[in-house]
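Per-chain residue numbering starts at 1, and chain names A, B, C and D are given in the order in which the chains are listed.
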Amino acid sequence: MIVFALRRTLGFAATLLLAALAIFFLLDLLPGDPAQFILGISATPEKLAVLRTQLGLDAPAHERFVGWVWGMLQGDFGTSYTQQAPVAGLIWERLAVTLPLAGLAMILSVLVGLPLGIIAARWRGKGVDTSIMVLAQMGVAVPSFWFGMLLTLLFAVALRWLPPGGFTPWSENPLLALRGLVLPSIALALPQASILARVMRTALVDVRGQDFIRTARAKGLTMGEAIWRHGVRNALLPVLTILGLQLAILITGTIIVENVFYLPGLGRLIFTAIGERDLVLVRGATIILVLAVTATMLLTDIAYALVDPRLRERSPS
Amino acid sequence: MTNLMKSLGLALALAGAMAGTALAQPSEVRIGVALEPPILDPTAGAAEAIDIVVYQNIFEGLTRIDQNGEVQPGLAREWTISPDQLTYTFKLAEGVTFHDGTAFDAEDVKFTFERILAEDSVNAHKEFFTPITAMTVIDPLTVEMTLDHVVGRFLFDLGRGDAVIVAPESADNNANEPIGTGPFAFVQWNKGSRVVLEAYGPYWGEPVHLSKATYVFISDTSTMTNALLAGDVDGTNNFATEALGVFEGNPQYQILVGTTEGETILGTNNRKPPFDNLKVRQAMAHALDRQAIIDGATYGYGTPIGAPFAPHNPYYVDLTGTYPHDVEKAKALLAEAGFPDGFSATLKLPPVAYARLSGQIIASQFAEVGIKLELINMEFAQWLDEVYTNNDFDLTIISHVEPFDIGNYANPDYYFGYDNPQFQALITELNGTTDEARRKELAVEAQTILANDAVNGYLFELAQTGVWNAKLTGMWQNSPIEGLVLRDIRWTE
Amino acid sequence: MSLLEVRELSVRFGGSEAVSDLSFAVGRGERFGIVGESGSGKTLTALAITGLLPEGAEVFGSIALDGEPLPSDERQMARLRGKRIGLVFQEPMTALNPLVRIGEQIEEAISLNGGDEGPLDVSRLLQEVGLEPRHGRRYAHQLSGGQRQRVMIAMALAGQPDLLIADEPTSALDLVTQRKILDLIAEICARRGMTLLFISHDLKAIAALCTRVMVMQKGRLVELGPTERVFRAPEAEYTGKLVAASRFDIPDGARVPGPELLKVEGVSREFRQGGFLPWRGKPLRAVDEASFSIGTGECLALVGPSGCGKTTLAKIVVGLDTASSGGLQLEGTSYRGRDLPNALRRDVSLVFQDPFGSFNPRMTLGRSLMEPLRLASGLTIAERLERVRNAVRAVGLDTGMLERYPHEFSGGQRQRLAIARALVTRPKLLVLDEPVSALDVSVRGEVLALLARLRAEYGLTYLLISHDLDMVRAMADRVLVMEAGRIVEQGSPQELFAHPKHRMTRELVAARLPEIGASPAKI
Amino acid sequence: MRRVLAHPSLAIGLAATLLFAALGLLSLAWTPYPIEQIVIPRRFLGPSPEHWLGTDHLGRDMASLVMSGTLTSFVVAALAVAIGAGVGVPLGLAAAAWGGPVEWLVLRLSDFVFAFPAIVVAILITTLVGPGASNAVVAIGIFNIPVFARVARGGALSVATLDFVAAGRLAGLGNAAVAFQHLLPNIMSLLIVQGTIQLSLGILSEAGLSYVGLGTQPPDTSLGLMLRDAQSLFLLHPWLTLVPGLCIVLIVIALNIAGDGLRDAIDPRLRQSETNVTA
């Protein structure tokens, strides 16, 4: 097991390094720079020059890259050009919104998606199965921001049960903060729950045909008992892979929902920071996102190996 | 069909608003604004969003601009100007303290202006204050400034956000923890979400009515609509015109329509052919149908302008008649200029709703006279880089929101590149005189030259369409200066 | 009174009838065999008896156990199945739950069904089927095919069943393991006095194990009676055909081999076991210092249990793999495996074991057969087409097949086409990897006869890989016995079968099932 | 053709998808009104005989906008799938055929692209290539590459162990020839099914990108852009968001149903493709 974990961690580190390189040099290609943005309409060549040196924009690229990576290893992500505040602090504030949002959406999609998938598989071909599958089709097809709008209109504006958006920091009032995340996480969870339901149903239907289920029935179990004792665990393997991927998609995909519910998430931070050419902030936020996603994928792989002994020794793909 | 929908909107709003007001304490207000400021120090950044939060709320200048654009006494209670109009002596208010308790006196004023004029200063309008050659502290409550030449609008410029008085002890971290002398003190800033201010107890001036004010940052129009309807936000100073219909005729809300200093123009690159040819510019002016653009882009809110000057300004003269909408005349002029079957050009648009919408409308209007426009939408930083700094553009649409910025046309390096010595001389004379009658005469002459030269396509003055809770009063109808002054705002019930 | 009584049993899948009104009875303690080719419905009959038919199957007729009809309620049927009937299936690779340790799976069988007759525990069951308690802690993928089949038997025995149904328990195993499993089943049934229902397509296994046999064809009962009588003097013409097909006629005298064609000197092949860290674990030597040579026109057989390295050696000979040490010489040119030059690749070709995997389903047979001709660069298109047509005719098939796709042909036809593809470059050496073991008994004889004819006609040299000694005795001039990568003995088939010297050879010879029709030697 | 009709879901899905595609193509030749024609006085009209689907906030005819919008959405999604498959499939095949370091690199690359936030890439391309549908195509295309690479690799690995591949190598075929002559034809059905899924996701991503202002830019139009423009008028003119919104939902459902039907029609065993897409 250790060799397996070691191999995957090495892959993880390689992906991160690749990401750091790509982010840094790709972002450098962007035309325009933070100095211009800060001075805006009143920019004059001398003022631009002064500001650029102040912000350290004119050092050669490779030097800045090494400085950036070395700083990151010590937890210092540099200071934001436009907001003149430590990038690490800014990102941490925003992560406190994006991660719980992604987490809540994940939990919701599991609590809704998996049971629906199991029910659909249990009554395969019956009415409940087809209706769940049609719902799942709809769930995947609805654009998330449109769905978010409908949710806000119903629950926030008309029924006044939930806030239409905005976010009160956890430190100030955790309950309000949580209430603020309910609608956005539902909007995010809908497509993911639909995918989960379909994958769970397919996995369970396929497992019915496996030989070891027939052996279990031969041992004296009914079909239902055989599936419950042997089938479900095997069916969870493909579901586990999808879960890992979905969490990754959720983390990077919250930007649109953050916009609809005006949540101060990491996605929107990156979006506005790029607009302001605040590249040191964009770099920091993006590498954190990449870190979060690759860490999720690493954990999924390890979890997969824990569940499936076949992966432990054989050199994993 | 639509009135059914409107009543639905109404019903929703009614349900929303009733419950909404009960929650908010009478002395608190939550204001929705579209853009979040990058920093909170108005002396170190040009963005309008900074002044919206801090100007005359947290920070104050020597003078103060009121809602009609007039100069009023600020921290300087009164002042005397020397006969040669080169020396200003200011008597400062007594018992004024900064929010961190430190005292305010002439030294702070001297420090503020030295900081603006310093070598590494990043002040957005340093050039307005370069004429100051000497600052002398006569006593803790009197300070004297001498200029090297007469500046007609000096007192107005002292009232801008860029010239607010800061203390040496707190100046450096005003970006994130602003310390000023204003009626409201800074509480906290949750980046990406909101800024909270509260009334500053020991404020030297008249006390304000509000105990707490929160700015909530919502960039998306539909989300702002929901926030207003749900009572999550009590009002906004500038709401997107296309969605105003939701609040029209709704007793829970009031719509404040006013003017701004935003002259919206079709920026034309005068250096680049064919735009260096006057006939071509005249043809384009004739091709523009201003009223159709206003109806389409801002749903009828906004006043047509014939020259780059704000209609609410006393010096304004209506020159919209110079080149009336006339397709045939436009075609004729194009033919005379050597473009019988028109030409094609690019129209680079910054990411603001009025620009994107009017861009499309102008493209279809120009198409009628044979000018084929290719629309290129770009981000603000990219617009600044390509259009504003490198002048790599044919046409663009932008609104100049700074007060009295007709002087830009006297700067040949400005992005649209207009170089008319006669006009430049006129502007220098205008800046040099303080006599009202003479200034008005010169201003009118300046506007006429620009109108006739059709330097740019003058479209309309951006209107300010605020949507507020009906029970709120004291909000400024117009915005003659960048900012959202909270001083007079209070709940009526 | 018979333990199991089946009357007019029919099984239908949406219209088509897979089993049609089958009636037979199995007495207590009897060993009853069902024989038939694939698709004859024998497995479906077993599944019908135990109520494990796949979804969508309709069952007619009646089945009674100890006189009482099988319960219709699923739960009662499941409990009865677990307690009274033991089941062993064909495919050991997928029959066990991959995520649960073996011991736990057996424990589950015990807790479900055992418990009333004294303390039955996992280790005793494992011992009974010839495994050690430490195997209990392993997972399914850590055991060999034979070991997994033993675990299946242990599970079947957990409930002390009266009836053991074994459906093709050994067809996926190599000869030696096959014989051990059959012996184990026979010994357990005798010791426990259990009734056995043995299903297979291998007549010799049925003859060795069963007292009565039922022959099935396309879902119908063709013949039923005592095994010895049915195989010695079959009444049904179909049974006769099956009996003839499963006996190989021994050829006349061996031919004198021509000059040396292939020489293999000290070839070894090592596989690194350690995962990522190279120094972990000693390398596994799949082939260990193998040396031999083949004369032109000779048919040399490489025999040994699965995993002895014969296939790896074959891959090196044809150039699909490379030796870690040692070298080979083909017609004087030396090479070490993949570095076999293209000019020489024309002279060597390989026929695979599984006919269903040897052709690209998306290519017409014509194109597949043309592929090896890339090596014969000199030929024009017309000449190539002619070569392909000749090869197809040589294997006794009509050239019309070239435009069609592989899935339209039976296993036997595909294996003939595979041989045609191997002939198309007019090779000198033909390596045959288990050429007939995947085919139905009736078809095997034809393919072997074809191979013998081609060898005589074209003077081909064969390197035959197999674990089936009877087939080897019918085909090969000389035999090499391999064990754990090393060649342990060699000689003519007759010598080795008469008096095998090495332990491995003795085991192989002993594992051969007695010929049917001859004296009924029961094991 | 007989096989297609045998699978109802494939028939319905395919028919609906083709209908929408045809609608889009027709917009190239004819639309009830020219798309760019802005007539402010006739805006916000409800559906009427002259304007079947009413008019939008600039007075443009909604029916014409929907037709050309559907075309843009389809073209963007299709090109993005083409990029994804064009680059992803060869990578996947190479990973399966060569294995070892090549496989390792392909996997790391696909991990990396997958982890990169889509929005950052989209913005980067907007500023480099310039905004518009082309930007959306490249941004979504890049994100299809790892999906196709993994699907191709997964499928190819299961085929690579079969004997006819060894036969190919025996005949002297190199890795590349084996990959394209033997592996690729046998995973085509897997790729086609994945293609339909990515096509439907592409249409949704285009809508998302347009919503944040990075997708199609006026004067062209796409369903996503129409949705965004109408968003702020939701309460005043909900009809303006219902039309494009429903179109997107219907097209995506049609594509998904066609995808499922295709999978069952071609190769029932492929149903696992939904799970091994992430092998």
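Throughout what follows, a contact is a pair of C-beta atoms (placed from the backbone, for glycine too) under 8 Å apart; a residue touches a chain by one contact, two chains touch by 3 or more.
This structure is a prediction, so every number in the text was calculated from the model and none was measured.
When the partners of chain A are compared with those of chain C, the chains appearing in both lists are D. Note on connectivity: the fewest chain-to-chain touch steps from chain A to chain B number 1. The greatest centre-to-centre distance from chain C, using averaged C-alpha positions, is reached by B. Interface comparison, B-D versus A-D: the higher count of C-beta contacts falls to A-D. Work out the mean CA point of chain B and of chain D, and you get 44 Å between them. One finds 22 Å separating the Cα centroids of chain A and chain D. Rounded to whole angstrom, the centroid-to-centroid distance between chain C and chain D, based on C-alpha atoms, equals 47 Å. For the pair chain B and chain C, the distance between C-alpha centroids works out to 87 Å. Touching of two or more other chains is recorded for residues 123, 127, 231, 234-235 of chain D.
Within chain A, contacts with two or more other chains are made by residues 30-32, 149, 153, 259, 274. Chain C has no residue in contact with two or more other chains. Pairwise chain contacts present here: A-B, A-C, A-D, B-D, C-D [touch as defined]. The touching residues of chain D, counted against chain A in their complex, run 103-104, 107-109, 111-112, 114-120, 123-124, 127-128, 157, 200, 204, 207-208, 211-212, 224, 227, 231, 234-235, 241, 245, 248-250, 252-253, 256-257, 271-272, 274-276, 278-279.
Those residues of chain B that touch chain A in the complex are listed here as 12, 15-16, 19, 36, 38-39, 45-47, 119-120, 122, 124-127, 175-176, 190-194, 216-220, 222-223, 226-227, 229-230, 232, 351, 379-382, 384-386, 388-389, 400, 402. Residue ranges of chain A in contact with chain B, taken from their complex: 30-33, 36-44, 47, 50-51, 54, 82-85, 90, 93-94, 149, 152-153, 156-158, 160, 163-167, 169, 259-265, 268-269, 272, 274-278. Considering their complex, residues 318-320, 342, 345, 349-350, 352-354, 357-363, 368, 371-372, 374-375, 421 of chain C touch chain D.
Taken together, the chain C residues at the contact with chain A in this complex read 50, 52, 54-55, 74-75, 78-79, 81-83, 85, 87, 89, 91, 94-100, 108-109, 112-113, 139, 141, 152, 155-156, 158-159, 275-277, 280.
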